[in-house]
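Quick heads-up: structures coming right below.
Two complexes, one shared chain (subunit A), two partners (subunit B, subunit C).
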Partner chain A sequence: MYGKGIAKGLWVTLKHIWGTYAKDIKKFPRRYAPGGIAKRTDYDLYGLFTLQYPEERYEMFPRFRGALMHLRNPETGEPNCTACGACERACPHGVISLEGEGKGKDRKVTAYRYDLGRCIFCRLCVESCNFNAIELSREYELSRYKKDFILELDDLLKIGDKYGIHKTGEAWGVTE
Partner chain B sequence: MQVLDDLWIRIAVWFRGLLESFLPPWAVQLTMDVLGILLLIVLGIVVVLAFTYMERKVIARVGDRIGPNRAGPFGIFQAIADAIKMLTKEDVTPTNADRWLFLAAPIVVIIPAVLLYAVLPFGRGMVGVDLNIAVVFVVAMGGIPILTMLMAGWASNNKYALLGAFRTVAQLISYEVPMVVALLTVVLLAGTMSTVGIVEAQASFPFALVTPVAFVVYMLAGLAELNRTPFDLLEADSEIVAGYFIEYSGMKFAMFFLAEYINLFMVAGMITTLFLAGWQWPILPSWLWFLIKVVVVIFLMMWIRATFPRFRIDQMLGFAWKALVPVSLVNLFLVALVAKVLEPGWARTGVLFVSNLALLAGAIAIMAQVARKREERARAAGEAAIKRYYGSEVR
Partner chain C sequence: MLKTETITINMGPQHPSTHGVFRMVLTLNGETIVDLKPMFGYLHRGLEKTSESRTYLQAVPFTDRLDYICSMSNNFAYAVAVEKLAGIEVPLRAEYIRVIMAELTRLVNHMLAVGFLFNDLGAWYTPVVYAFRERERILDLFEMASGSRMMCNYIRPGGVAADLPAEFLPQLRKMIPHLENFVREIRFYLSDNEIFKARAVGVGFLPADMAVAYSITGPVLRASGVKYDVRKAEPYSIYDQFEFDVPTQVAGDVYARYLQRLDEMDESLKILRQAVERIPDGEYATKVPSRLRPPKGEAYARIEAPKGELGFYLVSDGSPNPYRWRNRPPSLINLSALREMCLGHKVADVVTILGSIDITLADVDR
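And now, the complex of A and B:
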C-alpha cells in the first residue's frame, strides 16, 4: 500500500526515542559511573553509547604510540636510564637531549628534555635503548595551553608511573 | 479540584482586588492589561527556552545520542546559555543594506507571533480576548510574517537572501490555502468563529475525530507555515545556509528564532483548540489539559522532523496545490452537506468519520496511481534513451 513507509519510519524513530529512555531507566546509575562506557556498550542492542569524555575515557590499545615515558627500576625506584645517549643519537628529529653524571655503573641521568611538538612517534629511541628505560605510553591527551611542548624528566617519569611497562612492553614483545 | 481548575483566575481576581484597594478604576484596568500582555510575552520566551531544549533532546534520542547535558543538570540550562551567546554576539549589518528595513524585519516578525496568543484559550475562561472573529484574526496575523520575510530578504542586499525569501513566500502563500479551507471546515462544524466557541462545541467529540482529513491537512499546512521539516527547504540546515535570514546575526537572528518557536507553540495551540477539544476533557484541570495536548502535538512535530527527509521545491508546491487543496475542498463540501442534513450527535460524527476515512483512502489511492504512472513513464523514457544510445540491443 502507498504511504506505508511513512508509518514504518515513524515507528522506527519512536522506538529509538522510548528505547533509549527505557534503557536509561533500566540501567539507572550508569551515566557517570566508573567504567560506565563498558556497561553501556552492548553492541547487539540499541541504546546510548556516547562516550562522555571528561568523565570517562577510552583506554587505548597496548601498542598505541603516545608520549614518551621514563620507567623506574621496580626495586630501587630510580629511573632505569643511564644517560648513555643512544636515544639521542637514534632520534631522527633531535627531539631528545639529555645530560648525565657519574662513570660506569654509577652513571645516572640528571636532565632529559623531550620535545613533544617535534616528536613523530617513530619509536626508534625505544628500540635503541638497552636498559629498558623508555617506552611510548598510551597517553593521548597531549594538548597544552601554551606553546610549551617540552617535557622534562619529572614529567616523563610521572607518565611512566601512570602507565608502567606491563601491557605496553608485552605488546611489543619486550620482557623485563 | 475546582480550586485547581480556576487557580489562575482566582489569582487574577485576588490581585485585582488588591489593586482596587488603593488605585482608581482606570489605573486598575491599565495595570491588569499591561500585566496580561507582559505575561503572554514572558510565556512566549519560556516556551522558546523549553521547546528548544525539548527539540534537541528528542532529535538526539532518535539518533541514539544524549543531547545537551553540560549546562546544568541534564543540560536544562542549555537554552539559557544559547540565549546569552546570542545576546553577546556581534551585530553585523551588511554594506549597502537597507538599514531601517533590515532593523525592522526582526521586530515586525515577532509582533504578530505574540499577538496571536491573545485569542488562544489556555483554559476555562482563560483567554486574552474572546474575539467573535478569532479565526479570521489568526489567519490575518499569520499572514504578516510572510511580509516580514520579504522585508528581511530584500533589506539584506543579498541575492541568496532574496531568493530564499521568494521561495518562502511561495511556500507560505501556497499552504495558506489548504490551511484556511481546513479552518473553514471546523468553523462550519462549530457554527462560530470564536476560539472559545469552537472549544465549547467540542464538548462531546473533538473535531479530530469528526473530520480527520481537516486535522491532517491543518497539521501538514501548519508544518509548512512553520517552515519545519519536511517543508524546511528554505533553511535546509544540512544543505544550504539559511534562506532569508542569512545576513542576520546576534540578537536580530535570535528574534527570528524566537518568532519561530513562538509560532510553533501557537500552531500547536491552534491544532489543540480546533481539533483536540482545547482545554476540555475531564479529571485534570483545564489549563493542564491544554498544556498536555500542546506538548503532545509539538512532540508529534518534532517526531516528524526527526523521521522524514525534506521535499524538493516543486514537490512541495505540487503537494499543496494538487493534493492538499482538492482534498480539503472535497472535505469542506462533504462536511457542509452532512452538517446540513444531520443533527449534531453520534450519527453525524459516525457518518463524517467514516466518509473522511474513505476520502483519505481515496486520496492516497489516487496519489499512488499518479506516482506509479510517473514512475512507469520515467522508466520507459530511460529505456528509450538506452535504446537510442546502444542501437536496437539493450545491454
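And now, the complex of A and C:
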C-alpha cells in the first residue's frame, strides 16, 4: 500500500517526541532540575534530550584525556618532575620542551613548555613518565582569547593543584 | 539542425553532501551523467611519510586520524601488523577486548553510514539524530575505556593501553538489547519507506564481477553478492572462535547496500554477545618496549574494517623507525568504482551513490 512506509516513519518520530517529553510530564520538578542529567541519560528512557551547556555539564570519566598537568610531591610541595626528558622523546609532535639543572637525584625541572595548540592528547608522554610527574587532567574548556597556547611549568602546576593527585595512572589501573 | 553539447560542472569540494572535501567533475548530457572524474587530495596530510619518522608506538595516534569514525579498527589493524612484524604474542583477554572494540566500531560506522545516507537523500537529520543518540552511548564506552571519544589510541602493539574499567562490561551488557532494538526500529521505519525506495532501488548498480575487478571490499562488495569477509576468509585475532554469518545481498544497488549494513549490525551484535559472555580474566597486554626495534623484514596485515579491508604494510630495517609505512585504505579503493556506478544516472543520484559507498575523506587522502 502506498504511503504505509511514510506513516510508519511518522509513527516512530511521534513516539520519539513523546518519549522526549514524557518524563517531563510525568515528573515534576522538571527536566532541568539538579540531578536531572543522570535521569535523562538513563538508558531505559526513550527519546532524545539536550544538555543545557554551559549551565549543565557532564562529569568527565576518570580516564578522560584533557590538558597536561604537573604533579607535586605531597611532602615537599615541589614538582615531581626530574627533567629526565622521557616525555619529550615520547611525544609524536614535539609538543614538550624542558630544561633542568642538577645531577642525579638532585636534578630538578627549571622550565617546562607545553604547546597546547599542537597537543593531540595521546597520553604517550604520561605513559613514558617514571616519576609520577605528569598526568592528563580532565580540563576540556581549553579555548583562549589570546594566542597564549604555550603553558609554562607554573600553569601546569596550577592545573595539577586543582585535582590534588600525586600519582600517575590511578584511573587507568596502572600505578608504578 | 538542433545542436546539443555536454556541459562540465564541478561538484564540491565544498559541497554539503560529499562527506568532506571531495570534488567530482561531472560531464552532463542534460541531467544525465556521461562522465565523472573524482578529484581528491584536499585533505592530504602525509600521514604515511610522517609515520616513517616516528617510532612504532608513536604512529598509533596517527592511525586514529586515518578514518576518524572507526579509529579503534585502525588501531587494531596497525597493532596486528606490528605484531606480525616483531613476532609479539597477545594475551587472550586483550584479544577479546580488541574484538569487542572492533565490533562496537562497526556498529558506530554503520549507524553513521545509514544515517548520512538518509541525510543525503533529504531526510534531514531525523535518522541521523536517532543514530547519533545510540552512537554517543558507544562513544561513551570508548571514552570510559580509552579517555577519548574518537581519537582512542587504545589498541596498541602487544595488547591494549589499559584494562577495561570495572563498569565497562556491565554497561555493555545493558546496552546490547537496546542496540538490537535500534536496528529493529530502523528496519521498521526506514526499510519500507516509499520515498527511499524510489530513490534507492536500482540506483548505482555494481555487478559482482566488476566489484571484484575494482578490488572493492566490505559491505559494498557483499551487497553485490560476493561472500567475502576477511574475518572468515583469513581469520585474524580470535575471530575463528565466534559464530557469525557473512550476510550478502543480490541486487548490488544502493538499497542492497543499506540492507547489507543493517544485516552486518545484527551479526556484530551476535559477536558482541558471545565476546561479553566469554571474556576471560588475565593480562591485558604483553610488555613491548616503547622504542621497539623489530627484526629486518616486512609484514602485511589486514583486517575487516567497517568500510572494507584495511591493511597495513610495514617494512623494518632494524631501526626504531619503520622504513616504509603503508596503509591500504578501504575508502579510497571503494571510491574507485564511483564512475562505473554513476554513469547513466541523474545528478541527484550521485549524492545517493556516494553516500551508499560510505567514505571518509580522511581515509581517502591520508
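We adopt the following convention: the second predicted complex is superposed on the first by the 110 of 176 C-alpha atoms of A that agree within 3 Å, B and C clash if a C-alpha of one lies under 4 Å from a C-alpha of the other, contacts with A are read in each partner's own complex, and residues count from 1 in each chain.
Note that a residue touches a chain if its C-beta (ideal position, glycine included) is under 8 Å from a C-beta of that chain, and two chains touch if they have at least 3 such contacts.
All figures in this text were calculated on a predicted structure; none of them were measured in a lab.
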| item | value |
| --- | --- |
| Touching partner for A:83 - first (subunit B), second (subunit C), both, neither | neither |
| First (subunit B), second (subunit C), both or neither touched by A:109 | neither |
| First, second, both or neither for A:65, with subunit B first and subunit C second | second |
| Subunit A residues touched - subunit C or subunit B, whichever exceeds | C |
| Partner chain(s) touched by A:16 [first = subunit B, second = subunit C, both, neither] | both |
| Which of subunit B and subunit C A:3 touches, first, second, both or neither | both |
| Partner chain in contact with A:126 - subunit B first, subunit C second, else both or neither | neither |
| Partner chain in contact with A:52 - subunit B first, subunit C second, else both or neither | first |
| Subunit B versus subunit C as contact partner of A:134, first or second or both or neither | neither |
| Common interface positions of subunit A, toward subunit B and toward subunit C | 2-3, 6, 9, 12-13, 16, 48 |
| Subunit A contact footprint on subunit C (complex, rising order) | 54, 57-62, 126, 129-130, 133, 137, 140, 143-148, 151, 153, 161-163, 165, 174-175, 178, 185, 188-197, 290 |
| Residue ranges of subunit A in contact with subunit C within the complex | 2-6, 8-9, 11-13, 16, 43, 48, 61-65, 90-92, 120-124, 127-128, 136, 169, 171-174 |
| Subunit A-touching residues of subunit B, taken from the complex the two chains share | 58, 61-66, 69, 303-304, 306-308, 364-365, 367-368, 371 |
| Contact set on subunit A toward subunit B in their complex | 1-3, 6, 9-10, 12-14, 16-17, 20-21, 46-50, 52 |
